[in-house]
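By written order: A, B and C. Residues from 1 in each chain.
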Amino acid sequence: MAQFWYYFFTLVFFLFDYFILAMGLNIQYGEAGILNFSYFAFVAIGAYVTGAVSLPSSVGSGQQYIFGFNMPFPFSLLAGGVACMVLALFVALIALRRLRTDYLAMVLISMSLVLYDIINNYPRLFNGADGIYNVPQPLAGVLHLTSNAFSIFFACLTGVIAMLMWLVMSRITRSPLGRTFRAIRDDPDVAAALGKGVFRYQVTSLVIGSFYAGIGGGLIMQFGGSFNPSAWLPGETFVVFAVIIVGGVGNNVGLLMGALLVEALLIHLPAFLPEIPGHPGLIEYIDGALIGIILMVMLWFRPQGLVPERIRRFPLPAGELLDRDGHSVVAPTPTETVAASAAHDASEGTVA
Amino acid sequence: MTQFWLAFGFGLVTASVLAIAAVGLSLQFGITNYINFAYGDFMALGAFITYYFNAEAFHINVWVAMIFGTLAVGVFGVLINRFLLSPFVRRFNKSFYVLIVTFGLSLIMLNTIYSIWGTNVRVYNLKIEVYKHVGPFLLNKYQIVVMVIAVVLMTGVALMVKTTRLGKSMRAMSDNTTLAMTSGIDTKRITTITWFLSGSMAGLAGTVLAITESNLTPASGELFLFVIFAAVIVGGVGSIYGAMGGALLIGLATEITAAYWNPAYKLDVAFLFLIATLLFRPNGLLSRPGKA
Amino acid sequence: MSYNDTAPAPEGPILRVEGITKAFGGVNAVNGATFDVPRNKITALIGPNGAGKTTVVNLLSGAYKVDSGKVHLGSTDITNMERHKIARLGLMRTFQLSRELSGLTVLENLLVAPKVQAGESMYNIFFRPRLVKREERQNLERALEILRTYGLYDLRDNRARELSGGQKKLLEISRGVMASPSLFLLDEPMAGVNPALIERIGGYIMDMKAQGVTVLMIEHNLNVVERICDNVIVLAEGRTLATGRLSELRENKEVVTAYLGEIINASSSH
């Protein structure tokens, strides 16, 4: 019975965690139109940094890693988020400047492959191919939980964090900043012609999104206590894209739905199914391919997602609308037509 | 100094593989105006089909088996374009969606190859490699053949693009698709041919990569993809000659650095070139206006 | 009553263009265009097709970089300044083929327009919410006012991509007005539009002038130019051919030659 709850709360954890990840990618892609194909590299950095700062100094521990500050729980998580923001800033300044969408996507994918390669081959950073493990349970000294109880607790905590982050994201997307992001997504030339510094806003969206990526990654590290390169192969970014496209780009409720469907049901549920004898890993591969197929089907038949982007209506200000002279704003016709003006000018004997 | 020339020789081999791959990608990008993110998996597919004929089911000579691998991926490219990519391009005019589709295709192909062949490293059935001195270089006969193939192919592509009617139509489409259509060019046919060429070159590149690297895994193509991107970006997006030039530059640079510094840094050097290009000459060395 | 952001009445032409050139490949699209745009007047930029008019607008607004020459907006040198900075100085433009922000509603299209909004800063969103709310409300009221004037009020919550061609044109113009320009560049505002709408748009343009906005419009419809424009600049083969009142230009042999068919047709059909 305890096993069942363990499975269940693992699903719950990943539901909320991928909701956070989806919100991050959404502000980059759904709101600002940046095709960030390297998203999961940021998630990984968040995980690694959170783990590495939580652990004590690496000397004598059998693992190699940088940092090792023994940082306690919420700070270690925040460290992961901040590290990602710094990375995003760096990447944006180099790559975002003059590149159009697909060119940019190429560079971002390359960056994530190189990052993967570096971390895999330089154990001094984050313990190479073995990854970081034995990360202490957050708040272990305060609460003394068994590992199953911890799963339940942490899944719920992640839920709370997800809701808080949802509130923040809602504020942003409903503000003029969100509107400007969407304008840039729809037509960057028009946005620039209206005085918006497109580059600046793209950097902002990339940085905000990467904070969410870092937190999401840090939470994965804290939940499982370990993280290694097999957890962030290039295809993982695609899963997050699938979440937002299936659920509904630009709609936070849709993102939650997408996280439920794609992440909890499609990815993690099969992991609890027994292996097919003689074919190790086959279920995983079928799963991966299936996600790709479902995504294409969704894109074709319902590109706006299950829960489409809502039209933002503005409530009319109370009272009558008056223009600057105090007259009621009523007539749709202009105050002076061309004909009237021509007649006027003709009587004056001039053209201007 | 001999060390330099040895490295240079290896660099030429890498550049050959890279050139075949980069030109295949550039041709397709020039015509369709979007990047095929599954290109690495196309390469892997070609390599594995060759493997099937060479070492798994039959034991055909690797060069003959390579023909199967090459043509099969060419046909595959045509089919994928006809049934998957073109419909998406026609339906949505923003390039976002088709890029995500190619990204998804990559995932599907990778997982399919994994489920058929598993994660083990494979090796082709090759005869013992004997290294011979060719001028200042030390190469084995497989490497020499690969280089010859690359040179012949590059010359062929360059001639085709410059002199044949097909080549001229391709250039016209690359510059301005709408104008090309209204000028009476059969854009659908050209697109199909381009995908065949691009797919074939991907399959060929995947096979020769596996030959020169002496190993093959399903992810080999994807990992190499970014070096191809580096070559294409450094050389100049949208230009065939740029792709060739970029391939030569990156191929030589990575091997020479590997010899003098540390082989583990090979990929990082390619990436450094990429970054440097982005910072100082973002349009690459030979890019065409309107593409980047 | 003026929508103009800038300080008390400056003197001199609002725009001074000196010898700008632009070549694409081997083609000289603009080959030494020089002209002044007088303040608070409606100026037309006319010329045969291929004369480089849209390219000039692209150069002025910063969408393209000039190869040589200078552009001054008021006393500021805006040559090769970045697009969005030029827009912030008060130079707005429309596009020849209407470009609406398709996924946004009509109302949102207008709400994006004000150049600097408190709500675009992360700090303000979280730490000064009342300021953001107040500014939003002001912008909302103004936007609704403008939408009513332009007859788009009932469409305010429709996505911009659902609008008809004529409505999209109106949207683009009203969006520019919302941005409080000092100089508004209109690229063929009457193109492909029915006569009744031409009347309306002409009226809106004259309203803008009354409110202190200077207008420079590319226009082929010489009837309209005659009726609402104070001043005309003729461009041919990438350079300025002549400037002045349309009545004077009709007497100008060079202009008539460049424009042979059009002027005769225009004057004979009206």
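Operating definition for what follows: a residue touches a chain if its C-beta (ideal position, glycine included) is under 8 Å from a C-beta of that chain, and two chains touch if they have at least 3 such contacts.
The structure displayed is predicted, hence computed values, not measured ones.
**Q** When all chain pairs are ranked by how many C-beta pairs they have in contact, which pair ranks first?
**A** Top of the contact-pair ranking: A-C.
**Q** What's the chain with its C-alpha centre farthest out from chain B?
**A** C
**Q** Cα centroid separation between chain A and chain C, in whole Å?
**A** Each chain reduced to its C-alpha mean, chain A and chain C end up 38 Å apart.
**Q** Just curious, how far off is chain B from chain A if you go by their C-alpha centres, in Å?
**A** Chain centroid spacing, chain A to chain B, equals 32 Å.
**Q** Measure off the straight-line distance from the CA centroid of chain B to the CA centroid of chain C, and report it in whole Å.
**A** 47
**Q** Touching two or more other chains, which residues of chain B qualify?
**A** Residues of chain B touching two or more partner chains: there are none.
**Q** Using the touch definition up top, name the residues of chain A that touch chain B in the complex.
**A** Checking each residue of chain A against chain B gives 33, 35, 37, 94-95, 97-103, 105-107, 109-111, 113-114, 117-118, 121, 233-235, 238, 241, 245, 279, 281-282, 284-289, 291-293, 295-296, 299-300, 303.
**Q** Can you list the residues on chain C that touch chain A in the complex?
**A** 1, 41, 61, 63, 82-85, 87-88, 92-93, 95, 99-105, 107-108, 111-113, 115-122, 125-126, 132, 136-137, 140-141, 144-145, 148-151, 153, 157, 159, 175, 179, 198-200, 202-204, 206-207, 210, 224, 226-231, 245-247
**Q** Touching chain A in the complex: which residues of chain B?
**A** Per the stated touch rule, the residues are 34-35, 37, 84, 87-88, 91-92, 95-97, 99-101, 103-108, 110-112, 114-115, 118-119, 219, 222-223, 225-226, 229-230, 232-233, 237, 264, 267-268, 271, 274-275, 278-279, 282, 292.
**Q** Chain C touches which residues of chain A in the complex?
**A** Listed in rising order, the residues of chain A that touch chain C are 168, 171-172, 175-177, 179-180, 182-183, 185-187, 189-198, 204, 208, 309, 311-314, 316-317, 321, 323-325, 329-339, 341-342, 351-352.
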